[in-house]
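In the two complexes below, chain A is the common chain; its partner is chain B in one and chain C in the other.
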Partner chain A sequence: MTQTITPTPGGTPDTTLPSPALQNDAPPANRWYSGRSTGQLLAMSGLALLVLFALLGPLLWTEHAVQDLSRFLEPPSLADPLGRDHLGRSVVARLAHATRLSLLLAVLGVVTALAAGTLAGIVAAWRGGWVDASLNAMSEALIALPAILVVLLFSAMANGELWTLYAGLALAQWVEYFRMVRARSSLVLAGPAVEAAGLLKLGRAHILRRHLWPELRPLLATMATFGIGSSILALSTLGFVGIGIRPPTPELGLMITEAFPYYNEAPWMSLAPVLVLTTTLIGLLGLRNKESRA
Partner chain B sequence: MNQLVRHESFLVPAALVLRQRVIQAVAVALFVSAACFAIVQSLPGDIAFRIAAGRYGYDQVTAASAEAVRADLGLDRPAWLQLLDWLASLARFDLGTSLVTGGNVAGELALHLSGSLQLAAAALVLAFLAGTAAGTLAAFRPGGTLDRALTFWVSAARALPPFLLGLVLILVFSVHLGVLPATGHGESTNIVLPALTLATGLSGLFARVSRDAVIRIRQSDYVRFAATKGLGGRLIFIRHVLRNTGVTLVPYIGVQAIILIEGVVVIESLFAWPGLGHALVHAIFWRDVPMIQATALALALLVVLLNTATDLAVLAIDPRPRTSQAAS
Partner chain C sequence: MSMHLQHLIVSHSGQTLVNVSELQLEPGRPLTIVGESGSGKSLLAHAIMGTLPGSLTARGSLTADGTTYDLADPSNRRRLWGRVMSLLPQEPMLALDPTMRAQEQVAEGAATFGTDPGSARGRARGMLAALGLGGAARSFPHTLSGGMAQRVAFAAATIADAPMLIADEPSKGLDEAARADLAELLKRHLHGGGILLTITHDLDLARELGGDVLVMKEAEIIEQGPARRVLETPAHPYTRRLIAAEPAHWAHSWMRRPAGDETKPALITAEGLTKAFDGKTLFADLSLTVRAGERVAISGPSGCGKTTLGNVLLRLARPGSGQVHHAETLGGGRLQKLYQDPALSFPASVPLRDSFGDVIRRHQVPPSRLDELMDALRLAPALLTRQPGQVSGGELQRLAIIRTMLLEPALVFADEPTSRLDLITQEETIRCLMDQVGRQDCALLLVTHDKTLAGAVADRQLALTPEEAPRGTVTPREAVTAIA
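Here is the complex of A and B:
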């Protein structure tokens, strides 16, 4: 800790040192849209629309649980753009709440997994020894378990409350981040740049910020977009199979199951959640495409 | 002499692979079992009453009989001691009896296992053949129509959730065309739709990897040398291109193992296919913990087994890593 406070001479070495981290940042990103393909811009706008729907939708259509059996399978109208379902509930309200829930759970799970996995990975690479060995042994076991199995097992706990799904998602995913960060960090930490920084007594915070983070960040971003997609997919799969989120709460997969028997009479009812789900997944894939190729 | 040395150099890395995978299998079993123990602990209500009901019948459940069960099974001991007991019974391969059917879990497991293996094998073979064929054909003209169609296929197979794909297939083939049954088991046509759904998701990666591998190999020195030597196009393809593509592809079977098992869980539930995934989903729905433990264990160990098999297959068909490992 004291090392990090000792004044690095004017902060100038940071800019003059030929660290690989700085060279990585070479292409200047002037505008957020510069250097992005049409596909990526499309994906971004599609995702932005979805997020907007997830944020504003529940405020516009607040009542997703109110039943009105006389309005059974009502076709779309101005007040209810997606009509009513088999219990006379507003489909658009349910869809908005379901989208918000899916996105929120997925993002929370991925953020938790990313933070925990990255931290554990850096600690394992830095400390080595028994810390590394025990963390690695734990990751070996988890990497062989399909994520959906872990989430399933967790969903059986505590009567399937929401937090169990979140915990399952986070636990299933942190291993990927851990393994990637550990492998990358041990390479970077053993490299000449970090050795030089150590000789200059630049401290741990400096190494983290200047050497590790720029190396890890693009990979973590790619993995996170992929992770959010697969989390949303896992949640909707569990809902679809009937063991995820409990029925009165709207959920994308659950809505698809519920709407399926009526797809002849009310196709909008089943198409709406399918559309939201595929837009999310294609959007996330489209975002990723170029980064992973570069 | 040379043969003997090669043989030995296969055995040593193979033993290393086996040791690592056995440790992994034990760790996986520990994790799944501990998770199932946590499920039992988190179930609402007193487990002693539940077991007393199972033992003496619902009419005989009193506080006294529950106390007797508690003392008998040591349910009043600290949780970690009970966990040790739980793990010990697993180590004796005692999987217990189903809380729903009352049947022996091990017996039911065998039935479900064969169903899942059938489905997984059919899907894997289908995906491997179709993916490799498409990838190889596309590789003969990179950038051509077929190649671009393949790129679209690969991304579509990734973006489409397996359960949606299954639904679409049911709608098309069972509801509208009426040519294939959507659910059921026993007739030979029953397996077509679930296997097709599973295989579609898996075929994308096989297609892409085989395409890239064939393109790379066709430009390699040894293929050009074979052509210079005067070998015909067909012979070059069979002897050099196909064989080396296989070496690249086999490890990807291991990579796909997790996706395959995830797919098995989803697809079996959708098509009501009697297998491990279907049984697991039902067991979770009814909180049938011994059944949850057995099916989850079987699924997780299948992943490890498939990975071990691919590791060993790679060692057997590709001598290069053997020598490098022996040298290090």
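Here is the complex of A and C:
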């Protein structure tokens, strides 16, 4: 069999160039870092550091709520790398706890939204009819509200309790997963490949695993990284305007607000949470592949 | 003016893909290059146009209008595009801009479009009217039929009066009537004193165009001469093989069979089927029985509802009215389908090995059966490590045949299984299919727009009348004709 080259501007090429991968059937080097750009590696290490800080920080600096007014705005030292705040609390301890809380809430919210949205989307696309119509109506009602408003309404309901923030985040976000998964799945399910699988009696598990999942996975991954970023921002926005998590629980946005009055005396106090937020967002954006950047 | 091509060599990392020492193109005398996919015939056209992909290198020279162009530099011919030479793309439906009305995209090609768009539009309107598309000038491409889109593309390619027209597989996906219209269009260009170079694997188109024919195989020209001589008394064994691969010339053992056995059990019984689509009746009050081991072809021009009828018979689509009954023997995956584009019938991003593995596990087929079939259909086992998009169309269609045969089907519905393949690949694919169908004594329902193919394969044919014909003429006894 000869490989052929038929370039056709304005048409579809008959066949493709013989690519090296086809000529030698050796398996490609399959290390986790292969095929990743420098930017992606940087983003990954930035995020890894952050996660490490969120996991180990609260263990190293346990006392985030202990006040000691005699240590008002103490500058950074070896024991307290970010000094003390206006109430004499350890800033690094508060930052570590706040980072852990933000990451945890955001990841939980996104995982819940992703699971619920994907499930609902696949069910809607598969079943059609009234199931599809009612799920779709529900999603449209939610999409008419700004996401931050949904989170805000929820947090206002129980006055900044953690579970309401989590529920608000998940509720605000499942809609986009639902709509994307529903649109993509209906296309795949209506295609000849799924029709053939039906005639071959391969069953629903096969269609999920071989047809839907490979098609949805890259999209979901991209959406999830965006979702985590926007959840963290939403949490800190609420904290910043003082209607998110209640003090004294440390939260990134809240820490920025609290540190603002002392910006001249202790700039590190407000810069530290900003740095955490920036690293998270840039890291998450940098993770994406070139393909999904379109 | 005439064109003269000398010492053209196209290569890709040391491998020669086209090697043509001389080619003379004269006004009014069409030149048609035939050959199977991969023979380098399309590359020849793109080397002349200067539209080769960057990874390929070309050498040689082209003389047009007294000027000589070095073919190694693809950019020096760019200013000739539209005014001296133009390309009629394959699959015009994909080449047209879906967001522009027909008249606008034709006018865009006119030389005066930049300075005087009004007159360019007028000219485009005139051209479309002359091509019988006066009413479609304001239409978007998706509302046009394949033949109409071809005519719009022709108008766009010729509006700037380029004397040289290169047509790259222009008849791909067209039925007989549309192909005759296409030949008429191309001849019209010739009568106006134009040069025509056609690349095709469709020998019927080459016959209709006449002029000279050039046969290419593995980068080289192996035979050339007047169309009549080359296509009727071929000298080279490869040309003979190419002509023998036309369904009209087939001589296979499975072709001549005794007439269908009326006593065999019916697999599909359909009664009073009616289907309308967008207010257009596709078929009305149609009844059909397919019996075990029978070979039935549904033929007709494109858009007449052949595939829809097939899907209704398989109960993949609902009829407007009427009933389809399946025998119990068709349950459990013993009713299978082959698709026009096999690449779309496999999960796209899964290696073929896994796709086959799923079928084998689910139906507890002995894995050795796959190896047996791969061997019987002359496919290398290494193909299974690839994804569907990395396998050529002919090979993938044979893999699709294997996938259906793993389940020992009682009936296979083949929906235009070879309409995108060249003649030799088509014959190979149909032979593999018929071998397996014969071996397993399974019934075959073939949908095709190619009447000779239908005649070669089927015991009996069901011809659907084209859309222009008066409605209600398709009644079972008239339409189903036994040809055996």
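Here, the second predicted complex is superposed on the first by the 262 of 294 C-alpha atoms of A that agree within 3 Å, B and C clash if a C-alpha of one lies under 4 Å from a C-alpha of the other, contacts with A are read in each partner's own complex, and residues count from 1 in each chain.
Simple rule for what comes next: contacts are C-beta pairs under 8 Å (C-beta built on N, C-alpha and C of every residue); 3 or more make two chains touch, one makes a residue touch a chain.
The model shown is predicted, which means the values in this text are computed figures rather than measured ones.
Of the two partner chains, chain C is the only one touched by A:K201; chain B is not. Once chain A of one complex is fitted onto chain A of the other, the partner contacts of A:T38 are absent, as it touches neither chain B nor chain C. Shared-chain residue A:L281: touches chain B; no touch with chain C. Legend: residue contacts after superposition of the two complexes on their common chain; A:S70 is shown touching neither chain B nor chain C. Annotation: chain A has no residue touching chain B in one complex and chain C in the other. In the complex of the two chains, the chain A residues touching chain C come out as 1-12, 14-17, 22, 25, 191-193, 195-197, 199-203, 206, 210-211, 214-215. Those residues of chain A that touch chain B in the complex are listed here as 137-138, 140-142, 144-150, 152-159, 233, 236-237, 240-243, 253, 256, 260, 263, 274, 277-278, 281-282, 285. Interface of chain B with chain A (complex): residues 23-24, 27-28, 30-32, 35-36, 38-39, 42, 44, 155, 158-164, 167, 171, 258-259, 261-262, 265-266, 269-270, 280-281, 284-285, 287, 292, 296, 299-300, 303-304, 307. On chain C, the positions that touch chain A within their shared complex are 12, 17, 37-40, 42-43, 46, 51-53, 55-56, 87, 89-91, 94-95, 168-169, 218, 314, 316, 332-333, 335-337, 339, 341, 344-350, 354-355, 358-359, 362-363, 380, 382, 385-386, 390, 392-393, 395, 403, 407.
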